[in-house]
Structure formats: structure tokens, C-alpha cells
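Structures follow.
Look at the two complexes coming up: chain A is in both, with chain B in one and chain C in the other.
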Partner chain A sequence: MKTTAAARAPGTDLSSAGTDGRALARRRLVLWLAPPMLWFTAFMLVPYAIMFFYSLGSMDYVDFVPGFSPANYVKALTAEPYPDVLLKSTVNGLLTALLSSVVAFPLAMWMAFGLASPRRRALVSILVVLPWWASYLVKVYAWKTILGAEGVLNTALMAIGLVDEPLSVLLYNRFAVVLTLTYIFTPFAVLSIYAQLERIPRSLVEAARNLGATDGEIFRRIILPISVPGVLAGAVITFSLGFGDFVTPSLVGGPDDLMITNLVVNLLGVSMDRPLGSAIGVVVIAFSVLLLMAANAAERRTQVRF
Partner chain B sequence: MRRAARLATAIGLVLFTASTAHAAKGRLNVLTWEGYADPSFVKPFTEKTGCQVKATYVGSGDEFVAKMVGSGNIFDLVSPPNDIARRLVDAGAVEPVDLAKAPVTTKFFPVFQRPAWLEKDGKTWGVPYSFGIVRIVVDADKVKNPPASVAVLWSDAYKGKVSLWDDMETLYMAARYAGITNVYEMTDAELATTKQTLLKGKPLVKKYWFSAGELDTLYNSGEVVASNAWETTLVNAWKAGRNLVEIVPTEGRGGWSDSWMVAKGAGKNPCTYQWIEWVSSPEMQALGHAVTGFGYSHPGMIDKLDPTTRGYLKRLQMDDPAVLSKVSWWQPVKRRNVYLETWNQVKAAKKL
Partner chain C sequence: MALELVDLVKAFPGADAAHPAVDRVSLTIERGSFVSLIGSSGCGKTTTLRMIAGLEFPDRGRILHEGRDVTLVPTSERGMRMMFQDYALFPHMTVGENVAFGLRLRRQRGRHTAGEIDRLVDEQLERVHLPGLRGRKPAELSGGQRQRVALARALITDPEVLLFDEPLGALDAGLRRAMQFELKRLHAELGKTFVYVTHDQHEALAMSDRIAVMHAGRVLQYATPEDIYFTPRTRYVARFVGSANLLDGVLVDADRRVGRVRLPNGSVIEGSAPEDAPAGTRVAAVIRADRIEIRPAGSTDAVRGTVQERLFLGTHDEFLVRLDGLDADVSVHRPTGTGGAISVGDPVGLAWQPENVRVLSE
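Moving on, here comes the complex of A and B:
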């Protein structure tokens, strides 16, 4: 009895100290969270609210007229050329995400399973990110230099006699846009897929092999299913970056390679139609939120715990 | 869009920080294009007048409006193009200029003395500075016996070798080609006609160019043999010994003209009119030309250039008042958003 009471007493003390500790921890948490929350409110929520406010109004020549009209949204979703361009941007974003994943996967596999020493993995990781040390614009121009009529590729093709005159199908079209976007954003897919593959315990692969699984089976039934959340995370990033890009289409795109962000730039920069530009912005943000929610749900469902 | 080339500048302007020293004596805040407040003529200005010049650069014409309307009198001077200038007047962001305080303007080319786009309520609202005529440029080695018409840009013979400026000017040009007379106040029907005209030519287009440097590259590599272009494209080609020539189309040529305008209340700043007088002089405009390659409002500018450059400008007839008077100078477009939408529809359309 005594022992129990004695044992209980300090226990009670501990638990009350624990409550105090939790309250303290909560206060500290508020303190720690306040700056990011303030930042988030001031630089994300408030601007979004302002943009939403603008999107409901209209322009009377040079003056903005506040209002509560859905007209700009109707226009953004139905009037030529906005929905077509939105669709085109979506397709370009999806192609970028798909191709980046396809290119990134073998590289990430090799980094996770082909490189034994951590130092080599670190080195290859740096090599993957290295292109990002160069300016984005420079890389887009580099592709112009590669694909152009007097470009590296055409010169080489003509030198070895495969073609008689420069191929004009390489540059100034959708192919060039998607290729450039894929090249630029692939590192994000590599790192994201690699981070996921790296988590797969070697023992899992070895156990499968001991039980007689072939390499193909190991890939299909272990590595591929486990990699899905990493592929999804990478695809969300590459899709968003590809979808929202406007420099690449204006530099290497053809006459009809117009993306939704080019339209927004035009609306704000040439016709001063802030309300319509804002409405398109809100549509894009809403679209992104839905996409992120879907991707999150899919990632949670496919995530494997070890 | 005109100087969308300065994309980098535009991005840099996100970091735009405004100075508030408007009232301080001996200071001038100008909102302008890059090259319009170049150290080569700003430094001697400061030495002579004691006025410090702080320049903020814009990446697109709209920024003049965006920064002037609701920026609370930060700037003293702005230099918008002729299709934007009226918006600043209508928005009440600028005040009329007192031409008596800038006597040099009486020496300008006749077309730049109180031009229509700077007149409202019997007052003058700006002083013309730089200008350019939009030229139809062809590669004479590949385009033989071109017609004296913009029709060359709609000729099947050059399919896939045509470029067009990604700018409202191309819309005006197509409208002129379609026989529309007042291209700055088009009706819906006229805009529809213009759109069809542009769509008809679209299969020939390799690329809508957005910076003069980009167009130069397109001509250099032979990817393009015909386009509408700035003078700098011709001059650069001539300097490099390439055979680019201009076609003077019977349909007429569009022209842009930037003007210095005085922000509301800035006329009191003693530096303001000193600046206008300074940058309107032939000597300073010649220094400006060295940076931008543009034409300038004072005819005397051309005589201050080196003989080679002068030769180019004379070949371009930039010194001929009669030629300048025939240019279709851009006018304020009330329905700018409808124009832009039409242009975007053309660009978004699939090749036929």
C-alpha cells in the first residue's frame, strides 16, 4: 500500500508538471508559429483576397469599378481564347510532368540502388541540381542554340549527311516548349523520386530475391508501388512549374504556343484589364488547390510505412 | 509589349523600391524606359544643373499607368508611348506642359509639334522624345521583286519564313491591309475582318517575335525572310553587311513616339523643365541614339552623329519631314482590351 501511494504521489506530481510543460510548450509553439503565420497572412492570404476583390469588378477605361459580378469568371471559362489556352497549358503541364518522371525514374533508380557509397550519391545529387546554378533564361536560350536552323543539332545532322537542309520542325513549336520545360524541371522529379526510393530497405529487396523473385518482379511488385508517392510529388511540382511558365513558350514556342500565364501578362501589361487577369489568376489558384488536394490524397493512399 | 525584350528588367522591377524625395530641391524622379536616362547624358545634366536624377525603369507600357495612377506623386516625369499617353491625361496623373519653358521644342520636326495624341482640351500634355517607324523588312537575297505592299507577309511563297511583331501594331497593320481606314477606332465588324486577315496569314508565320534581338537572330539564321520590324534590325543587318531591305508599303506604316510628360504638380520642381530642355537638345538626343538606336524629335540630332550612323538614318529617311508626316502615328485606342483579346485569339488559334 505504502509503496503504491509512494509510487502514485510522484506520479501525480509528474503528471501535473507534465500539464504545465504542455501548456508551456503550447505557448512556445504559438510563439514559434506566429512569424510564419503572419508572413502567410500578409503575403499570401491578403494578396489573394485583394486579387479576388479585383476579379469581381470591372474596368471603366482607366478606372477600376468595384463590383460583385461573376462576369470575369464567365469570360475566363467560356470566351475565346481563355478556356482553350487554359486547356493547352494544362496539357503542356501534364506532358512536362509525365516526361520528367519518365526521364527521372531510371536516374533516381541508379542513384538509390546503383551507387553504393553515400559520397557518390551526394556527388550525383549535386550534379543533378547543378544546372539550377545557371540562370533559367540562359538554359532556355541554350535550347534555342541547340534546336535552331543553324543550331548544334542541325549542324551535326547535316555534317553526317542525314539531312540536306536544316530541319525546321525542331524549334518554334510545342515540341520545343515541352522539351525545354522537361529539361529544366526534371531535377525536381529526380530528387523527389530518389528521396522515396532511398527509403526502401535493402533487406526487402534481398528477401524478395531469396524467395526467388526475378529483377523484373522486384521492380514491378516492390520498387514501383513504393515509388508512387515520390513520383506523384515530383509530378505535382513539375506540372505546376510547366503549367505556369511563360518565358519558355515565348522564346522557343511557335505562333500558337500561348500559355495561360502569357495571357495574364498581356492582360495586366497591355490592355490593363486587371479584373479579368485577376479572375484567371483565381481560377488557376483554385485549380492548383484541387490538384494539390488530389495529389495529397493519392500520396497518402499509396504511401508505404516500413 | 513593345519592349518585352526587357523581361529581365520587368522581373527586376518586382523589387521596385520608390524614392520619396519628390519635393526635395535638386532632385528628379523619372519613370522611363531603359536607355532614356543613360549616364552619358544624365551625368553632364547633374553637373550643369545640380539636379540629381533617379530613374525607375519600366518593362512594359502599362507600367507607366500602373505606377502613375495611385503611386502618390512619386515621380516628376514619365515617358510613355503615343498609345498610352492619353490614359495618363484622362486619369489625371499628369499636368499640361508649358511649352514656353521648353523653347527648344519649336525646332522639332513638324509632326512632333503638338501632335494629336498629346492634345486635349486645347492644352498640350507632353513633349515628344524618341520615335520609330515600323518597317516591312525582307531578306533581299531570298525575296526577289517584292511588291510595294504588306502583302509580302501574306505571300504563300514564304510559307514558314514570315515573322510578325507580337504587338498591337501588327493588328493595326493587318487592318490597314484589309482596307480599314481608322485602325485605332475599329468597330467589332472591322476587328473581325482584321482577325480573319491575320488568321489567313497565320500558317505562314514561323514566330511572333517579341524582342528586336530575337528578330535579328531569326533573319541571321535564315529562319525568317520577311517581317515587320524596327529600324535597329535594318541598321544591325547593314552594319553586318547583310542584304536586308525595307519595303515601303502603299498601305502605310505605323509609328510609335514616346513623350516626356510632367506628373501632376511636378511642374513646380525647377529640375523638371531643365530636364525637358536638356533631353530635347540635338546633342543629348544624339547620345540617346547611341544607346537606343531610335529616331529623335529634334532634326538637328542627325547632324551630331558620326557619318556612318548618319548615313543609315538618312537611308531610312528619318530626317525627312515629308516622310514622317505620312506615317500612321499610333493614336490612343479606347478599346485596348478588345484589341488585345482579338490579338490573343489570333495567337491562340491553331494553324489552319
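Moving on, here comes the complex of A and C:
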């Protein structure tokens, strides 16, 4: 008995003897977490810090001068054209998210409720993401050839005599930008809405119908409310991608349709104003973080447990 | 007559057309009765129930409800409420909203004021002993509570027929028994027709007025629990319902509903036969485990064997006895604390009354 008491005397480090399960669990946790933490630090935190550092400095002709001034932020938020373009990018992102959701919903519903066998569902899922096997640029150019003055659409419209001369409202404007972005990013909305709808047990629909609900009521009162988190998740992805896109606006947009990323590219590459470009970058990131937090909170609030 | 099923046939696409899921099922279900459909999984009981509910439509046959042909009437128009195995509560709605669902639909518009709906919801929740849980979400409830919410939701529109698809399957044993009593009480109180699907024969015996035993899409026997239990018409029914022992043999002779069966080891067993078959027919002698007397082997015993296994089951002991000269084990139930001590390996004698033996050829 005496030796046992001595062995457990205060101050004896049990974990060093390898007998403490919690210490073991902690060590294991550190091993598991180290690689992602390193990755996160090297490829996210450090670059963000560098960008933040640049955003506080200024340019002396072509030389960067470190500093500690908010001037670039003031410029990014107040000087023309930045706030306007930021707003326009936001609206384009929102339109992309909205239209993608609207286009995606019926398809996702058909996949979740219209396809009985898991194999068919998998096949259609592959078909949905199939366009992503083609280069992004090719798809944007494809819309150029569809919407252009001698494009497929105009040729067809003239052939059936609906218009006498090519419509110019189809290309090089905001309509073309949002249409192209919607086309390119809709698969993301389809998959995230489908993932949510797929969780709805068939018995819920049957129970509602058995209780006397019509198809419309089943959609409005059961399927739509339960789908909200999936729609939100898809909207966050399509918004972010639409908001941050710079290839589509420069290829199918008009001179006024440049988005915030196009301006940043110009600032960094053409005008060599790295501090202002960085400041806009920080603003955009801060804005995105806020948006993601809001969307996550909304998703959590609307998510259901079956 | 509340419900009449006439020659229902239903085959699922891709399945074997020669063996439909439901094969010429005919049942008459009295108004206000409690009828159970039982059988192992895949026997067609759930498909039959879903056709009654209008969630599936038969390939052939008719379903009559109070004399009206409802075979192809959509489920929403039938005035029958289905209880689903997974309860199918709407997860995004509160308990109160779930229960009120049926009353807030367009077809009910104008029939109830908001205040009336409120009162009816409270009334139903009280009936199923769940007052004060209106504001909860289904995910915050226990399995038993969800079951009760589903019941309240089904009852609020005052349906004439309630259909149950293995509603207690997900509950633990104690809760199951409590809910069985609860459903019996509700049935007596409401006087509505209950059609109940289960694979648990004890549940069906305890609750039903009549039981339909199904196998391979067909109804083998449709009778009261007592008849099903004491006078099974087929081997399958005997085995499925009454922990019965089946001893295969050949009919020696049958006369006036008494048949004698010769077992492969030469011994002959006498019992009642539902129909007289010609001698030589392959039959089975069916003896329920609780109707067999077991005692330490003596010189007078006609049937002898050796105890292979002894299980203590609380109210009774179960013995598995290997019969001498037979490749068959017989299960024997003996009330705990009766008779002498018998342990594994002991030679024993078995005895029974001829009226407790059924001779079945099917």
C-alpha cells in the first residue's frame, strides 16, 4: 500500500510514463491537425498578411514604399469608379446566384424525386458536371458564338424572319455576362440543391399527400422550406464565383461591364498600383467573410434534422 | 363492411411476373374492427396496405370502401390516414404545425377558424398524452413521442380508417408494449377501422380482432387470433404464429378429421386434421411448444429424446430436445418452477394430448 501511495504522490508526472490517456489523445490530435494548420498558414494567412502589408503602403513611381496609411482603403471605398464597380459586381453575383438557383431547382427536384434508381441519379449527376470537363474559356467563347451578330441565335432568328437585322442587345452587355456566368456555374447550384432534396424521405411526401395535400401544397409547404439550406449553399458558391469572375466580363461584357476583379487585375498588372489593388483585395475578402458568416448562420438556422 | 379487397394483384416492374408482390388477395374488413396483416418481410403485407391507402395502385382487382369503388382514387381523397414506419413527421414544422397540417390545407379552407384549429390540436395532443409539446420540433422528441405526434396528426381530420405500417418497429421493447396498450385503448375509444401491418406475431395476436397471415403475396389464413394460434391451416401459419414444432412424416390414415402420422423413426403421432387427405400424403404433425409435457425419461414414454439446450426465459424454460432416431429438434416450454430438475444431456420423455396436435398437409 505504501509504495502505491508514493507512486501517486502529487507532482508525479504520469503522462511522461505514458499512462495518461488524455495526453495521448492530445498528442494524436496535434499530429492530425498539424498538416492542415501548416497548409492554412503557408497558403492563406501568410499571403493575406503580405497583401495587408502592401495595402497600407504607397507607390513612389515604380517603387513600393512601406507605410501605415489608410489612404488606399479610403480610395477603394470612396473614389470613382471603385465603389460603383464593387456594387455592380455584387449585383452580378446576386443575379448569377438567383438565376442559377431558379434554373437548378427543377433539375435537382427531378433528380431527387423523378429518378428512382441510384444508378440513374449518379449518371445524371455526372451529366450535370460534364460541362466542367471542358475548359472554362471554351465555354465563354461558345456563348460569344451563340450571341454574336453572326452568331447562332441571330442567324436562326433572321432565318425564321423574326428579325430583319442581327440583334446587338445579345452580346457585350450585362445580360450576356450574367447569362454566361449562370450557364457556367449552375452545376454547383444543382448539386447542392440536389444534395439537400435527396435527404427528404419519400414518406414525407406520401404522408402529406395522404393527409390531403395537393402537389402544389406539397411543394410549397414541405419541399421548398426543407430545400432552403441547399439553395443557400448553392447561392453562396455561385455568388462567390460570379462576383469574383474576370474572364467572362472581359470577353462577353461591354466596356461598362468590367467587374471589381478586372480593376484589380489592371491595378496590379497595368498601372502597377499594388497598394490600391491590395486594399481592394482586402475589402473584397472582408466582404466575402461577412457574407459567408451570414450565409452559414442562415443555413444553420434553416437546416432540419430528420 | 368498411373495406373490401377483391382479388388484388400487384407486380412491381422488373420483378418476376409469375410471382407478383401481391397475388390475388381478397379480404373483408368489418367497420370498426382491428385487422392485422402479418408475415415475414417481402410477403406483400405492406404493398397491400399501401394499395388500401392509395399510395400504390393494383394491377388487377378492386378495393371497395363502404361499397364505393376506390381502387383508383388518389390517397388524398380516400379519408384514410396512414401511419408510417418512420413516422414521416415534417422536420421543419413544430409538433403543433405537424398536427394541424391536415386542417390547414386548401381542401379544409373555411371549415375551421384559427382558434378552432388551435383547440383541436390541443385536444388531439391530449388524447395521445402529449400536452405541452406543441412548440417542439420532431428532432427534439423521443421515438415514442414522435409516434404519438404522428397519431395525433392522423386523427385530427377524423378519418374513418387508420392504416399502420409497422408503426412500433423502431421502438424498444418496453415502449412497444406501452404503445400496444395505447393503440388498443384508442381503437376501443374511437371505434374506427384499424388495419395494421407487422411482422411481430405477438403484437398481432395481442391487438387484433382478425389476422391475415401472408406469405409470398397470398393470404394463407384470415381468422381470429385464437383460430390462427390454435388451429393453423398451413404449416407456414403454424410456424410463423405459434412457436410450433413441425415434425415431417407420412399420413398413415385419416378419418373424420383425425389423422395419424408416421415419423421417419417409426413412431406414430395422432392429431386433428383440417381435411382428410389420402394415406401416404406427406404431412407434418404440428405441436406447439407450450403444449408438450417434458419429464425425466421413464420406461412408459412413447416419445423420447435428449436435452440439447436449456434457455431460461423468465416466465418459462425452453428446452431443445433432440428426438431419438430423428434428425429434428423439438422446442418445449415449461413454466418456471414446475416439474423436476432437467439439465442439458438428460434423457427425457415427451408427452402431449392428441387434441393439441394438428396434422397439416399444405
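Keep in mind that, in the parts below, the second predicted complex is superposed on the first by the 281 of 306 C-alpha atoms of A that agree within 3 Å, B and C clash if a C-alpha of one lies under 4 Å from a C-alpha of the other, contacts with A are read in each partner's own complex, and residues count from 1 in each chain.
Please note the rule applied: a contact is a pair of C-beta atoms (placed from the backbone, for glycine too) under 8 Å apart; a residue touches a chain by one contact, two chains touch by 3 or more.
Owing to the predicted nature of the structure, the values given are computational and were not obtained by experimental measurement.
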| item | value |
| --- | --- |
| Clash or fit, chain B versus chain C on superposed chain A | fit |
| Chain B versus chain C, judged by how many residues of chain A each one touches | B |
| First (chain B), second (chain C), both or neither touched by A:266 | first |
| Which superposed partner A:81 touches (first chain B, second chain C, both, neither) | first |
| First, second, both or neither for A:149, with chain B first and chain C second | first |
| First (chain B), second (chain C), both or neither touched by A:214 | second |
| Contacts of A:305 with chain B and chain C, given as first, second, both or neither | second |
| Lowest inter-chain C-alpha distance for chain C and chain B in the superposed arrangement, angstrom | 45 |
| Touching residues on chain A, where the partner in the complex is chain B | 59, 61-63, 79-81, 84-85, 88, 137, 144, 148-150, 168, 171-172, 247, 250-251, 254-256, 258, 263, 266-273, 276 |
| Chain C residues within the chain A interface of the complex | 53-55, 74-76, 80-82, 84-86, 88, 90-92, 101-102, 105-108, 137, 139, 153-154, 157 |
| Complex contact set, residues of chain A against chain C | 201, 203-204, 206-214, 217, 221-222, 225-226, 302, 304-306 |
| Interfacial residue positions of chain B with respect to chain A in the complex | 1, 4, 7-8, 59-63, 65-66, 69, 87, 90-91, 160, 166, 168, 202, 205-208, 210, 214, 217, 220-223, 334, 336-337, 339-341, 344-345, 347-351 |
